[in-house]
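Got some structures for you, see below.
One chain, subunit A, links the two complexes that follow: it is found with subunit B in the first and with subunit C in the second.
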Partner chain A sequence: MIVSTLTIVLVILLIWSVYYGRNIVRTEKTDAVFGNPSRALRGWHWVIAGATSIMLLWFYFSWDIARAFIPTSGNELCQVAKLNRAVNPIRANFPLDNRLLRGTLLLQRDKEQIQLLQQQLDKMNFAPDESPELRSIIKAMDGVLTAQTDPAKIDPQIVAQFDNIAMRISYLVDQMSVPNYPGKPDFTEQAQAMKQSDWGAGTIELPVLPMTDRGRKFAAASLVMHQIAKDYMAIRNNGATITKQLAEIRTRYQNFVVRPVEDAAIMAQHKRFIRQIDKIYKRIDDGKIFPPGLTQAVEAALIRLDQEQHRQQGTLFYIDALIMPGGTIMAGNSACSEQGAGRWLPKPSDTFKTFLRLADPAVGYKGTPLLWYEMRPVAEIVAWVIPDWLPELMPGEYPRHNSQGIIVNNIKSKTYNFATGNYNSLSVPFPIGHIWDSVVRVLAGLLLGIIFGVPLGLFMGLSRFAKGYFDPLIELYRPVPPLAWAPLVLTIFGIHDDGKIFLLFMVAFAIMVISARTGATGTQLSKVHAAHSLGASNWQILRQVILPNSLPEILTGIRIAIGVCWGTLVAAEMLAGTTGIGFIENVARKQSDYEIIWVTIILLGVLGLLFDLIMRWVIARAIPWRGKG
Partner chain B sequence: MSHLVADKLNMRFTTPAGATVHALQDISFTLSKGELLSVLGPSGCGKTTLLNIIAGFLRPTSGRLQLDENEINGPGVDRGMVFQQGALFEWLTVAENVNFGLRMKKFPPVQTAKKVTEWLEIVGLQGFGDTPTYQLSGGMQQRIALARCLINDPDLILMDEPLGALDALTREKMQSLILKIWQETGKTIMIITHSVEEALLLGERLFVMAPRPGRLHHQYRLPFAAQGISRDLREIKNTPDFTSTREEILSMIWNMEAEIMGKANMA
Partner chain C sequence: MIMKKFIQISSVTLALSIASSAIADVNVAFFLEWATPNQVAKVEKSYDSALGEAVNWTNFDTGVQMTEAMLSGDIDISYSQGLAPFINAINANAPIKLIAVAVQYPANDCVVRDGEGIDSSNAAELEGKAVAVPLSTMADYSFRMMMRSLNIDVNKINIIDQAPADAAVSLADGNVVMACGYGANSMAKMYEVGKALMTLEEKEAAGIISFDVVSVTEKFAQEHPDKVRTFLEVTNQANLEFAASQEKIAVIADDAGMSVTDAQKQMSEFVFPSNEQQLNEYFNSGGLADIAIKVVGNAFATPENPALDDYGVAIDTSFLK
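Up next is the complex of A and B:
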């Protein structure tokens, strides 16, 4: 219901925005010249058109539209799939979906093998009295093969079997065309079918029992067809004459004793040759090659079944072809499943449900919520700021227990408790969760990169020594992809936050150094001169002129660094760790849980976009003079 | 008593190719307190180099340079500077730009705010204090640069083609403004320009410099600046005195240019 409403809204929005856009073009007669860049300005309605197009494509290719608008089609196509599955063993023998008749294919292969054996025989160095016997055996096999395709030599019983199959298929076709086939539904059967969960709602993908009359027709036909196929598969071209001939051949090559030869390699070759004969013999013994005209009645019946099936499917055929793109519904032993783009592209509605499930702080993912809060004592939160060596500065020694087994705290142990946050304090809500962890890592790495990178970059932009001295350091590590450093960094700093933050720091640091350096290098000399003659000291010039003058480059650097850090973080979280969005995606990948993978992808995209929007806003606020100087 | 004393200033550069450029040769002059000096010359004659040396941004290869009997040894607050493009700080508002020098000296903000308002009024920018500088026209920006320099109360004001980037109308207004400020404050001002008219109007004294090596070619004492305080500038430009001096200097510069071209052709 929600999906179908949403789809209609999206379609209306798409049509409206395109119409609105066309209208603007028609009314806007000024500067209607190709190549005028101002024609790319504005146009938010095209943003709507683009966004709705993407959403509609997603809804369409994941079959969410099909499921929302025609919910019964899945169940009905499941029944059709059952019939297809039942008829397939027979169908595969005929040139309906393949190029060649199965018998033709087998004959071609066997003849080629026999020919090959004959050619090999001359190079095999068998004794002069051995070769003719083997040649005769091979020739006899060839003879049987030819006899199998001869209508005059076919056993009449086999002909009757084929006629029986063709007749049964035809009968099934006739019955299917009867409107009320297979009769009134059994009450318990129907109750059971109606009790099934909807498409995509339960643990199985599609309800497997037929729920509609059309579905029951196909389900019933599939049961009949299943038996026919079983009987068809049992037919073998093994009439009395052929069986006798085959038995004779078998005795001959089984009695053939390979004579010992001194060379072990040749001996092994000879034995292998006999095994080859055995292999081909078994193929011919299968008896799946028949005279060409014999199976024609079955083929004609199959074509009739095909036509009838198509007629009975009616609209289902078009539903399958049009709104279930990229595949169809297939039947398995006990269930039906979607075999299309939905394998890797889950439905938006299912993805959203998965997101809601993960977002529930009581559920989360692997015991951690996506984003939630917990009450934490202030002491614990601020403890990491207070250095742990603080108590060492206090006089005296840590207390020891006395003879009564009591430990009396002194100034040293009290300071230690203070530094480690081990005292009673107010509890405040503190954010936790996968998203929080990822964001904190990125921001921490970025902040460190800014704190260390910007001063060094400015220094490098202003001093020949600094530029030359630090350039090799930065230019040697910067071109290495951050992930190439990851194994090393994670080994040194551990798989916890330290390692990831350091990795992100490395990424952000190089970008910040380079952007701050570019900014400082770009300072107009006249501004520095002006500041000098206005009495500014060196430090004031750095702080009041060079830093603000480099701000555009620095902020652009931060914007780039956030993006790169975000990308690196996810990859680093995939390597190691137990929280973070990258961690979720990595676990979901191992379980092939595409819904969760898509949830993480969308989360990453939205958060990345959010970072960028914030940076754009900051840039617009902080450096309004950019491009106007 | 002389205010600014230049004694045999020499400036030589070595280009990366190894050639020696004699940018200034034996420049000697004195400037009294309250004098208005304009410096004129074809491009490449070392005008800006001379100004940068006086400002303290460059150190001369040899020679002595004194301001009020103090050796000039690096940039200082006693010499204010106005640049061709204003060199304003875009990240600051108009008032903050004007206030920059006082803020660097950590003057109390209440005091400086009053002074800033005064100076904005003098240069005709009252009410623009909170405007960002990048929203103003070139002429207005140059007024800010002037106020920013003057608020520091320098002994000597150095102007490097301050009106070069302005349109003719704005330029004339600014010329009047400079003359007005010169008269009211009694500051010593040194203006570099490439416009002969401007040099005549804004120069109580005028140096014409010659290139290769850069040297003082000719000195004039002119009446026009003093006249310009009370009379309309356009009127002065039309006096026969003004036109004849202009023609004289123009032909002098043309000859210099021809000489340079000739040298270049021979080389």
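Up next is the complex of A and C:
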């Protein structure tokens, strides 16, 4: 209900925004010529158009639209899938989805193998009296293979079996065309089917039992078909003559004793050759090759079944083809499941539900909430700043417990307690959770990158020494993908946040250096000269002329760095996962949980967007003159 | 008009997918550094000759990737997929099937860092400490099973999700007190700085065993039951031959990318049950696999992907017969 309303709203919004946009283009009087950046200003209706198209594509390709508008289609297609699944073992034998008849393929394969055996035989160095016997055995196998494809030599019983199969399929087709097949539903079955949760509502993806008349028809047909397929698969080309011939061949090669030869390698080769004969014998013994004309009736019946079931599907066929793009519903042993786009692209409504569930601080993911707060003593926060080695500077030793089992604190242990925040203090709310951890890591990496990167970049832009000295260093490490650092970072920094932050810092640092350097070298010389002639000191030139002039480059650099940092986060949090959005994604992947994976993808996207919006705002405030110089 | 175009497009994609499946041979996934006798058959092309067509072997890093490749249709058979990723996929309704046990091996070890003074007798000291575990893998499974048998609350342990190679580094650096993992190289590094929490005998006494399975896509099993059966036959044959004579260990080691001694050491702990053994001792009611699958299924159940009531639907042992 919500999804269908939302879809309609989205469609209306999309149409309206396009209409509105085109209207403005037509009526607007603008002086701006092509190439003037002010032509790209405003236009929030196109933002709506863009956002709604993405949403609609998501709704469409994830089959959320199909589920919302035609909720029974999933259950019905599940029944169709059951029939397809039942008929599939027979179908796979015919050139309906494949190029060749299964028998043709098998015959080709076996003939090739036999030919290969004959060729090998000459090179095998068997004794002169051994070779003819083996050759004759191989020839006999070839003879059986040929006999299997000869209609004249086929056992009439096998012909009857195929006719029986074809007849049963045809009968099923006739039955399916009867409107009220398979008769009135059993009351208890009906009640059970209606008790199932809807498509996507419960823990089971799709309701399995047929809920509609059309579904019941396919479900009933699939049961019949299942039996037919089973009987079909049991048919083997093992008429009396062929069985006798095969048995003879078997005794012949089994009684064949490989004569001892001195060279152990050749002996082994000979034995292997006999095993090869055994292998090919077993394949011929499978008896899955028949005269091609024999199975034609079955094939014709299958084609009729195809047509009939297509007719019975009616609109369902078009629903499957048109509003469930990129995949279909497949039936398994006990359940039906969505395959293709419906599987790897979870539905927006499900994703949102998953997000809400994870966002509940009581649930979270692996025991940590997404974003919540916790009462933390101020002492702990203070302790974070105070170095842990402080108590080591204090005189004396750490106290030991006395004979009464009491520990008396001295100055050393008291300092230690202070440095580690182990004392009573006021508690304040402090943010925690996966999102918070990720944001902190990204911001810390970025901040460090700015603090170290910008001065160095400016320095490199202004000093010959700095440029020459640092250039090889920076250029050498800059192109290396962050993931390549990962194992080293782990050994150097360990599993805590510092390693992850360092990885992000490395990414941000290079970008900041490059952008600050470009900004500094790009300063107009006339401005520097003007400041100089007005008596500005070096520091003033740097502060008042060069820095403001490189600010556009630096801010764009920060914008890029934020994006790349978010991109590296997943890799950084793969190193030693405890919390973070990247950690959630890594674990969810191992559990094939595509909904949670999409939640993390969207979270990363939204957070990246949020930061970018903030940066755009900062850029607009800090350098309003940009592009107007 | 639009409708027509849509049908055209979808029929083109359909034709493409059929074309790609028609030219495909049998595609099998396997692991490197995991020595199994059927690698002799792989190298000597026994599979190819028995199946009568080319077998493409692709090596994977994790069982999860095997599942993903099977879902995309690029892989038909996964040889030696871990039970854990298989069960995770089944809990998530993936259309794949377990057809046989590939190898039974002692449960993955958890290695405690030397100098921590922790062994199975005082393992409760692990509570509140950092432990590296590759989550949702067989190592995770054995970690949970060990903690259960030692009566330790997993929720009180600070679990860090790390791949075994990374975990070995963290263990050496002392960032974690215990690391669980798999893979010969990573485990060797861990044993260098620590000792297994539980001995082989202790693990077996607690009923902690692991095995890898052979899994296939449902589609492949349905359409080519003969090929699946042949695949298992050749595997069985290779296992029997290896049990009789280990002269081809060099072939296996070379194919697995290991030294002969490493491969020998690894394989000495492996059990490759024959097809008959699998039917009688593993998949029978109350058999080794029967029990382990249920335990793993419940260990990795999540609210979205709960454990199945009956894993029998995802198991098809008919190809072993």
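We adopt the following convention: the second predicted complex is superposed on the first by the 426 of 629 C-alpha atoms of A that agree within 3 Å, B and C clash if a C-alpha of one lies under 4 Å from a C-alpha of the other, contacts with A are read in each partner's own complex, and residues count from 1 in each chain.
By definition in this document, a contact is a pair of C-beta atoms (placed from the backbone, for glycine too) under 8 Å apart; a residue touches a chain by one contact, two chains touch by 3 or more.
All values derive from a computational prediction rather than experimental measurement.
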* To do: Check the residue A:M233 against both partner chains and state whether it touches subunit B (first), subunit C (second), both, or neither.
  => second
* For A:T491, select first, second, both or neither according to whether it touches subunit B, subunit C, the two together, or no partner. => second
* Figure out whether A:E308 sits in contact with subunit B (first) or subunit C (second), or with both, or with neither. => neither
* Looking at the overlay, what does A:K288 touch: subunit B (first), subunit C (second), both, or neither? -> second
* Asked: Just subunit B (first), just subunit C (second), both, or neither: which does A:Q540 touch?
  -> first
* To do: Considering only touches as defined above, state whether A:E380 meets subunit B (first), subunit C (second), both or neither.
  => neither
* Asked: Counting residues of subunit A in contact, which comes out ahead: subunit B or subunit C?
  -> C
* Contact residues on subunit C for subunit A in the complex? -> 3, 6-7, 10, 18, 22, 49-50, 52-53, 62, 64, 67-68, 71, 85, 88-89, 91-95, 97, 130, 132, 135-137, 155, 158-163, 165-166, 169-170, 173, 175-176, 218-219, 222-226, 300, 302-306, 308, 310, 313-314
* **subunit A-facing residues of subunit B, complex** => 55-57, 75-77, 79-81, 83-85, 87, 89-91, 100-101, 104-105, 132-135, 145, 148-149, 152, 154, 158
* Structure fact -> The subunit A residues in contact with subunit C across the complex are 85, 88-89, 92, 97-99, 106, 109-110, 112-113, 203, 205, 233, 276, 279, 283, 286, 288, 321-322, 325, 330, 332-335, 337, 339, 343-344, 354, 357, 367, 487, 490-491, 494-496, 574-578, 583, 586-587, 589-596
* Asked: Once bound in the complex, which stretches of subunit A touch subunit B?
  -> 524, 526-527, 529-537, 540, 544-545, 548-549, 551, 623-625, 628-629
